[in-house]
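Several structures are given next for inspection.
Here chain A shows up in two complexes: once beside chain B, once beside chain C.
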Partner chain A sequence: MAIQFKEVSFSYRGVKDQQYEAIKDINLQIDKGEFIAVCGQTGSGKTTMVQHMNALLQPTRGNVFIFEHTLPQKKKQKIGPIRKRVGLVFQFPEYQLFEETILKDIMFGPKNFGLSNEEAKEKALMAAKLVGLSEDLLEKSPFRISGGQMRRVAIAGILAMEPDILVLDEPTRGLDPQGSKEIMDLFYKLHKENDKTIILVSHDMDIIANYASRVVVLDEGQIVFDGSKEDLFSQKDFDSFHLAKPKTIEVMHYLNEQIGIPFKNLFSFEDVLAYLKEVSK
Partner chain B sequence: MIKIKDLYFSYDNRHEALKGISLNIEDGTWTAIVGHNGSGKSTLAKLLVGLIEPTKGEIHINDMLMTTNNLSQIRKHVGIVFQNPDNQFVGVTVKHDIAFGLENQQTPQPEMLELIDKYIKVVGMEGYLDKEPHQLSGGQKQRVAIAGALAMNQDIMIFDEATSMLDPEGTKEISDFIMELNTKYNKTLITITHDLEFARKADRVVVLSDGNIMFDGTPDEVFKNSSILKEIDLDIPFGLKLYETAFEDAQLKENKKLMDALWQYSLKK
Partner chain C sequence: MNNIVIGQYVHGSSWIYKLDPRIKISALVILLVTTFLLSNLFLMSIMFGLMIVMIFSTRVPFLKMIRGMKPLIFLLTFTFFIQIFSIQEGNVLLQQTMYIGPLSVLAMMTIVIIYFLIKRYIKFKIILFFLVVFLIFYVQAILPSTLIGLQDFTYEFVIRELALQYTGFLLLRIMIVVMLSSLLTFTTLPTDITNGLESLLRPLKVIKFPVGELATMLSLTLRFIPTLLDETQKIMKAQASRGVEFSESKLKDKITQIVSLLIPIFVISFKRAEDLANAMEARGYIIGGKRTKVDMLKMRVFDIFVLFVCLGLLTTSILLRVGVIQIAL
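== the complex of A and B ==
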């Protein structure tokens, strides 16, 4: 097991000490090698929940177990070892770039974990290669490249720390369709070829349908669904989750109602096309 | 009325971002400008508000030739809302943010307060006047930007990917507002987007590719023309993409019942 939430609640302290409970009694178990999507409306607690996964937040009640570590931590325990195993990519991570060159920016994380310049550079070069940044770019300023490339630099900075788990908070927001697809394909490759466990927070049901296998749905701070994507989209009370259906499922329903093609749970454009060919034979 | 004549722009004197664009935009119309990253669409937006200066060519706004000397005049007519709500919020509070543009226009204070009051209601954010930017969602910040633009009473409004950083609810909410500016307030609207579903609702779609106008016509004309859609490599609405792909498949094409259903579906979405 990689991460486990046991009866976890978290409250933000508002003005005049008012408590606002963002997540309530969360129980969740994540195994190594999974690709999980977390979805739910704005304000449902998605970001709060995943920020516990690398100890950015510590529970107000309950416990989070991350490999051999336990949250909340005791006073003298260090957060570093957790962050090394779980990398969190924030929304719009490119806003956190700050170094003079792309290479230095990617090296920042590993150096922070005490690696020498040489070692950090080696990790950075490896990470740059993983995200598809060409070497001639590395001496450029991170502020002189396109938005999509800046996001790759920020992601490389996380990968350079070689985490086992990647937590991605809306990694495609603000990118154009081509850029989104490239970034998602990259994460999928890291999942398949480099055995990274992926936890993806997203609003985009088409992306979720295409890439994730398990989906966790949050509503008002609580988990209202946890299961396979196949089960999610055929849930009777699906509408109560306020989520859109992926377009592949929508068109399958439409073709079933209009011309009686048997409904099938399909999640990619290619699969729909192949299925239509099969039934047209 | 906007008249663009043979407009060129280069960021580095070597590569041209715009390569001789000519375009007339009538009052009260909604034009969607689409194209993928690097096609020149944001460059065009920046030129239209005078944030950058063309290397060649002319822009006329309401029969006024834009020059470096009359920008404050021009900006009384043209307003712009950008992609990132955080980069354009300049006030310490919502009230100050809306006031900023009006102060630049030297609007007298009593009138200014009246305008702020009026337009904060239009965007449904009364009660937020003293809020600071960090207390607002992305969609709320974009609404404030729209209120500011409305208060300045510009007749031409440009939205440069104004919803692409918002969540789906924020996107829908702001898209609806943008459309209302045209239908209800009769503003000339220019929306720059890679969201073809949204562009489909405009009066006119201008497709930019590599600094040139590749196509200019009604949304129906653009969507009927699959070669353009392929060329621009944008995210074609799913239903249409499925129809187009099926149409190219010899076997599927013969299945009339299926092709009809797919066509109906593509119109629905």
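== the complex of A and C ==
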């Protein structure tokens, strides 16, 4: 077990000391090696929940267990070890870049966790390779490359810390379809080959359907669904989640209605094609 | 961090909220001038009393206003001692020989060290502060080093009536200035203040002073403070996930940390500024162009009345100052 939420609530303090509960009584267990998607409407508490996994926020009620650590922490406890094991990629991570060269920026994280210059450089080069940044880019300024590449640099900066768990807050937001696919394929590869646990926050149901195996749906700060994606899209009260269905499922529904091809939950167009070939035989 | 209130505006609905911001700004200036024209403690007390009555009638949270005076306490204490030592006339109220020597210096240092040690655990910091100041002087009076057989440097600590009077006078004056100014910021939205200022400064247009642009700049700045704070929060969190611990670290690391925060903020600000400039231009904003306002400022009878009351106070104080009116003390 990697991360566990036990009746976790978090409230923000608004004007005049009113409490505004962003998440309520969250119970969630995430095991090693999972690929989980978290979705829900804007303001449903996704980001708040995810920030607990990195100890950026401490629960106001309940406990979060991250490996051997427990939140809320005592005052003197260090947060560093948690953040080293759980890497959080923020929305628009390209805004966090600041160093003179791309390499230095990727090295920033590892160095903060106490690695020497050489070690950090080694990790940075590895991470740069993982995200597909060519070596001649590394000495350039991070402000002189394209938005998509900046995002890769930012992601490499997190990967260089070699976290066991990667938390991604809308990693594809603001990218074109091609860029989104590349980034998501990268995370999928990390998940498959390096056995990283991935927690993905996203609005995009196509991406979720394509990559995640388990889906958690939040609504008004509470978990309303937690299960496999197959179960999610065949839920009777699916409409109450205010989510769209992935395109493949819509296509399958359409084909079912129009020409009576039996409906099947499929999540990639390759699978749809294979299935159609099989049916038409 | 979503609900940052800029300035100290406190929501309310008493008469002062309904005043025209131009009148409020002018009234503040007039009352401040009045305060500085008053020349003795008696008049200052009257002025202070008037102000307290006014503050209560506006139903602004009084405690909050008092809390805003906290940073002044050190300054006021300091002024008090300067006055005591510099004014050497008038009736003597208290006279005491003070000893500065090894023993008392040691005692004073102990008190200061204890103060800094227990400061963070104590709730009533102000009371503690006064207690410490008192103790520092008290040990000078009761601990001559002859007790342990050493020589002392001695001086006379004299509190005179005039010094007390003058300190009180200064104290009241500072308090009036601070409280009146905070009354304006407590009861006026920053946008209203800018609008008021723009309108008041309009005559300067004659000498080609860019009043309108200045007001736009001011209101844009105010508008973007929460946005930038929000962005700063985000960047801080992002860098925290990269292992930056903003609270606990050495000075050398602190510098890198601040850079890791400042550069992204600069980048974001420039980007925002560019977007904003484009958006404004796309909607036809021209620098120096003629503009209309959504909120027109309108003066009412009550506004004029308030202005006349303030002017009346000013006139009285001028007349008192030049000696046309005299009060018997």
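Heads up, the rule we're going with is that the second predicted complex is superposed on the first by the 281 of 281 C-alpha atoms of A that agree within 3 Å, B and C clash if a C-alpha of one lies under 4 Å from a C-alpha of the other, contacts with A are read in each partner's own complex, and residues count from 1 in each chain.
Following the convention adopted for this analysis, a contact is a pair of C-beta atoms (placed from the backbone, for glycine too) under 8 Å apart; a residue touches a chain by one contact, two chains touch by 3 or more.
The structure displayed is predicted, hence computed values, not measured ones.
Trainee: Could you classify chain B and chain C on chain A, in the superposed arrangement, as clash or fit?
Mentor: clash
Trainee: Does the superposition put A:251 against chain B (first), chain C (second), both, or neither?
Mentor: first
Trainee: Now for A:59: first (chain B), second (chain C), both, or neither, which partner does it touch?
Mentor: After superposition on chain A, A:59 lies in contact with neither partner.
Trainee: Using the superposition on chain A described above, determine whether A:42 touches chain B (first), chain C (second), both, or neither.
Mentor: first
Trainee: Mind working out whether A:93 is in touch with chain B, chain C, both or neither, as first, second, both or neither?
Mentor: A:93 contacts chain C only, not chain B.
Trainee: Figure out whether A:84 sits in contact with chain B (first) or chain C (second), or with both, or with neither.
Mentor: A:84: touches chain C, not chain B.
Trainee: Return first, second, both or neither, reflecting whether A:221 touches chain B, chain C, both chains, or no partner chain.
Mentor: After superposing on A, A:221 lies clear of both chain B and chain C.
Trainee: Quick check for you: in the superposed arrangement, does A:158 touch first (chain B), second (chain C), both or neither?
Mentor: second
Trainee: Identify which of the listed stretches of chain B (8-16, 98-106, 170-178 or 188-196) has C-alpha atoms clashing with chain C after the superposition.
Mentor: 98-106
Trainee: Just to be sure I follow: which residues of chain A are touched by chain B in one complex and then by chain C in the other one?
Mentor: The answer is that chain A has no such residue.
Trainee: Can you check the complex and tell me which residues of chain A touch chain B?
Mentor: Against chain B, chain A makes touches at 41-42, 92, 146, 148, 173-174, 176-179, 203-204, 206, 244, 247-248, 251, 254-255, 258-259, 261, 269, 272-273, 276-277, 280-281.
Trainee: Which residues of chain C touch chain A once you look at their complex with the stated criterion?
Mentor: Within the complex, chain C touches chain A at residues 2-3, 5, 231, 234-235, 237-245, 259-260, 262-264, 267-268.
Trainee: Contact residues on chain B for chain A in the complex?
Mentor: 36-38, 83, 137, 164-165, 167-170, 194, 233-235, 238-239, 241-242, 245-246, 249, 251-252, 254-255, 257-258, 261-262, 264-265, 268-269
Trainee: Across the complex, what residues on chain A touch chain C?
Mentor: Those residues of chain A that touch chain C are 12, 14-15, 51, 54, 56, 79-80, 83-84, 87-88, 90, 93, 95-98, 108-109, 111-113, 143, 157-158, 161.
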